[in-house]
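There are two complexes below, and they share chain A, which is joined by chain B in the first and by chain C in the second.
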Partner chain A sequence: MSSAPLISVRALSKHFRTFRRREGIAGGLVNLFHRDYQTLKAVDHVNFEIARGEMVGYIGPNGAGKSTTIKMLTGILMPTSGEIVSNGFVPFRQRAAYVKTIGVVFGQRTQLWWDIAVIESFKLLRRIYDVSQRDFDERMELFDQVLALRDFLHTPVRKLSLGQRMRCDLAAALLHNPPILFLDEPTIGLDVVAKDHIRQFLKTINERYKTTILLTTHDLDDIEELCRRIMIIDRGALLFDGPLAALKEQLLRTKQIKFILRDGEQAPRLAAFEQALAAAPANGALHLERLDELTCRIVFDRKRVATADLIRQILGAVEVRDFVIEDEPIEEIIKRIYGGEALTPEAPASQP
Partner chain B sequence: MSTAPHPLAASRTPLRALLATYREFARIGFVNILAFRMRYYTGILTYLINVTVYYFIWRAVFSQTTGPIAGFSLPQILTYVSVGWILRSFYWNTIDQEMAYEVIEGKIAMDLIKPVSVQWMWLSRSMGESAFRLIMLTAPVAVVIGLLFPVLAPASRVHFALFFLAALGSFFLMGAINFLIGTCAIPLQSILALIRAKFWLIELLSGLLIPLKFFPHRVQAVSSWLPFEHIASTPLQIYLGMLSPMESLRLLALQYAWVAALLALGHFWWARATRKITIHGG
Partner chain C sequence: MRRILFQFGSQLRRHALLLGAYFAQYAKVRVSYRSDFFISLATSMAATFFSLGFVWTLFQKVPRLATWRMEEVLFLYGFSLIPFGLFNVLSMNLYEFGSTYIMEGKFDRVLLRPISSLFQVLFETFRIESFHEVLVGLAIVIWAGRRLAHHWTLLDAALLAFFGLCGGVIYLSVFLFLTTFSFWFEDRIGIHPPFWNLLAFGRYPLSIYSSYIRFLLSWIVPFGFATFYPSARLLGRAEFRAYAPLIPLVAAATLALAATAWRFGLRRYSSTGS
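The block that comes next holds the complex of A and B.
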């Protein structure tokens, strides 16, 4: 039971038919009688599996197909082709029974009733999901501890701040303690503190109940803090599926060293070092940037230059007070993937 | 196919839990309407104005004659109009408008992630609103209208009892039709024109504005094959005793048959339409 995946997606596609409107009056009249359809492949032959208790980050640029995938996984949209089995259900076909076993949060929408107090919505959800009063009280207690809901339980949803509403929506999605939680941009528009609240809560839930979580986001801090595994989709196709560390290993191209000189007297030696670096063809002619009087930066290709070698060279040339060595930010890597940089064929296309 | 399918057949929820769920939706509907005080007061006023307008129109019509017109005497037609508007304050709902709004906003997705029949969710919410209006709107309006205008008592106790059953039928008929129209928003996106067309069709063919007996025979014949006259005309004719108890029962059965048929149609139409859902944004 533990080896079988909880969610399995095979050759999943969703194509939308859209029609091109003709312009002008004549075009408008033609539109009345004849339409030119074109097919948009929002999701195209996507495969993946998710095991119980995993927390997976699902990222991609706007319009890449993230939300469409989530909507098929939650039974809202019917796939054009392909197969989904989630928690033993076929989501669209067995919708009413299936959604009882999942929790869903769409960051841009709320499932709470807009004009009535939050607690009323919770009471309704307790009924819908058939949660006993004891379980309900226990979970509300836990949610309150992590999310601090008590202060605004009696406020109508429309009067809540975005952060408060988001916390309520999370609690609402987890009231029935579902084994699977789908989150579509749960931290969108939130401030740093609210984001942290949400992340802590998701960690707690995942550890305590082994809740499987699939979340889409544009905030890569969400991924770095929460998810060991990341899936990248663009133009409907899955580009990467694997551990975040593997993505870095594969695509991390550059690193940078910042160093701070001991004092201003190093200037002549530094100038000589700069020339030597620029002249060394094996290193690909490194460029030394001066950030201020004492601080310098060298960006280098990690495949051509060993970090240790470079440090040794620097230490041999000048007297240094401090070093900072950094990887290329994950944002830069993702940007390059969206930009069309091909992943090498030995990439783990899917989890074994 | 003749009856509405069981809303949660797939999940085998015990009936008791199921009823509790939909009762809760009704409660939400009730609480929700309480949130809008202004809408409540203007609602009462609107109904009073409508009855007043029709009162004077019919008085004018009957000032030219002493005998009954199309089988209605003046006291009967005034009762028809008054009770008609009182009845409308109960069966009225805006499921179609709310659904259209939800589709445009993309909120329809949030209905689909709940483990309930969307059709019964809407019906029970509206039931809650109607229950609210029954106490807070229909009853006061009935009292005021009864004091202001010469309203006849129901024809008999039997007729009055049957009238209540028919009023409940009117609610479900209206709800079933509105759900059908509302579901059209999924493939069509904008259904404002459709909602308007339905509004006038029902105002006219339900017999609320003008009793159907005033229409040409051919229109009456066509209308008898349509569900709309069972929304207002049927319960009102029962109230006035224009139908014998047996005839009333026959029409009542026909009314509920329409309810079942339209609910079933709504169920299948919804199932078909949701296959084609496209949700923009997000």
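The block that comes next holds the complex of A and C.
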């Protein structure tokens, strides 16, 4: 790390006091007078640092604490304990000065004025953020190049498609050229083309202005395309923080090999091979699945079986026309993490 | 000290300019729904004239209320429309605060902008058609004044404007204070309606009410200071003269109270997020 981190989060916690609501009218009346309070640890002792220019993916299942973290980082929520220093500010305490230096997009909610043309919202935001006319024009030019806004700048926001609205919201969040951009599910509900637009734009902004971007998402393609670093949170605790490649290295358990037989004549040899695999004691028994008449699949533990050995075995047994070798999809890995599979807690080095 | 004053001044100037921009934004919305504007203006004017008609009819039967002549009561009624109209231009933003800002989460958005949250909420939209109430009120005051052979001095005219403004501040502050309850209690309707009904009490001479109601309207929910005491001062009623200097003080105090409640509400919001 060459310089001080742009965002630094230490032992950050946010606990909410919630109460169990009783059902029905009678229950509602009881609620008025007596409440059973519980403490919900939405975020619990989270530590991380983000360097200038990084693009970090922040993922976790619904209710894991992602939004609560973002709300604390943007100064909306006050932490219960721990500290945040972001771009030199303590977000909650210096809210007005701090928010001038960040951009925020909530995928589910627009910040534009609903009933009037998009351009009018931009103009008012220019005034709110004190952006000079020259900077404004220059940025609008760039946004238009990448996001193709021109076609609907004069359309009222309520008449925009979700994809168009999202592009406008992104432009609105970046009008004042903030060094930090927080995105809460920026691609939610968008089609493939719109998602691609958004991703290209984020890449451009990140390269051109060195904008630091933290984004939450449920779409892992966002992460694979944009973020070298990924943070996983569940039940308020940070489970993983490191490069996507390291996550795979650490948790990728299985691979699968699919092969297509040359012709139907292979059937008897295949049956023999299947039995041999099931009996083979050396690498542990492997199960061969037949997907259709000619296609077969073997799922194997990548730490116990070397892919090359398996291929050699297959080639020795049957005549094959084609091979496909795949890693376990990243979704599956993450599903296992959410499902509670133990990650060695301190193992992944936080590397900016 | 000087630095602080300077900063305050430049913030004030910045917010004043932004107020213009917010109003322009609102005007653009209204222009794009033109017929809506005229319908709203017509219904709002009809409401004013109906309630005026009610007072008028009443006084055909009852020429006096306690020691108050009909023209005096009309003067009071007309004056009360001035702060009421000013208040109504902004009040729309308060009634739905609990449901749209707190429950639907629009308040997060407000906190992400580098200007005062209260400013953003108060000036999000306007109901400019309510300004006609100010004009109607003024016309009634002048008409009733003539019937009473009231001699208007320059001071009277200045006081009329000043008291009208103070009254508007009192109304706005009381309802703003009530609005801040939304920070603590999730409720779509809010607690404005009963207080809204109380507004009407301030349009008649306080002397006709029992001492409890007089006390309530003077010191608990000070609508009397928005309407009755200023009118009594303008009409030269000696028995309420002592209250006149208190009018701006009550306005300042209610505003300070509401602003403080807002600040506590903000703290509450940022610790619970709801």
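Throughout what follows, the second predicted complex is superposed on the first by the 335 of 352 C-alpha atoms of A that agree within 3 Å, B and C clash if a C-alpha of one lies under 4 Å from a C-alpha of the other, contacts with A are read in each partner's own complex, and residues count from 1 in each chain.
By definition in this document, a residue touches a chain if its C-beta (ideal position, glycine included) is under 8 Å from a C-beta of that chain, and two chains touch if they have at least 3 such contacts.
It should be emphasised that the depicted structure is a prediction, and the values quoted were computed from it without experimental measurement.
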*Once the two structures are overlaid on chain A, check if chain B and chain C clash or fit side by side.*
clash
*Quick one: classify A:156 as touching chain B (first), chain C (second), both or neither.*
both
_In the overlaid three-chain picture, which partner chain does A:184 touch, first (chain B) or second (chain C), both, or neither?_
first
*Could you say whether A:95 touches chain B, chain C, both of them, or neither, answering first, second, both or neither?*
both
*Which superposed partner A:109 touches (first chain B, second chain C, both, neither)*: both
*Partner contacting more residues of chain A (chain B vs chain C)*: B
*asked:* Output the chain A positions appearing in both contact lists, the one against chain B and the one against chain C.
replied: 16, 71, 74-78, 95-97, 99-100, 102, 104, 106, 109, 111, 113, 115-116, 120, 124, 127-129, 156
_For the chain C and chain A complex, residues of the former touching the latter_ = 17-18, 21-22, 25, 28-29, 32-33, 105-106, 108-109, 111-116, 267, 270-273
*Over in the complex, which chain A residues touch chain B? Could you list them?*
16, 67, 71, 74-78, 94-97, 99-100, 102, 104, 106, 108-111, 113, 115-116, 120-121, 123-124, 127-130, 156, 184-185
*Sort out for me which residues of chain B touch chain A in the complex.*
8, 10-11, 13, 17, 20-21, 24-25, 27-28, 31-32, 35-36, 106-107, 109-110, 112-117, 274-275, 277-279, 281-282
*Please give the residue numbers of chain A that touch chain C in the complex, ascending.*
16, 68, 71, 74-78, 92, 95-97, 99-100, 102, 104, 106, 109, 111, 113, 115-116, 120, 124, 127-129, 156
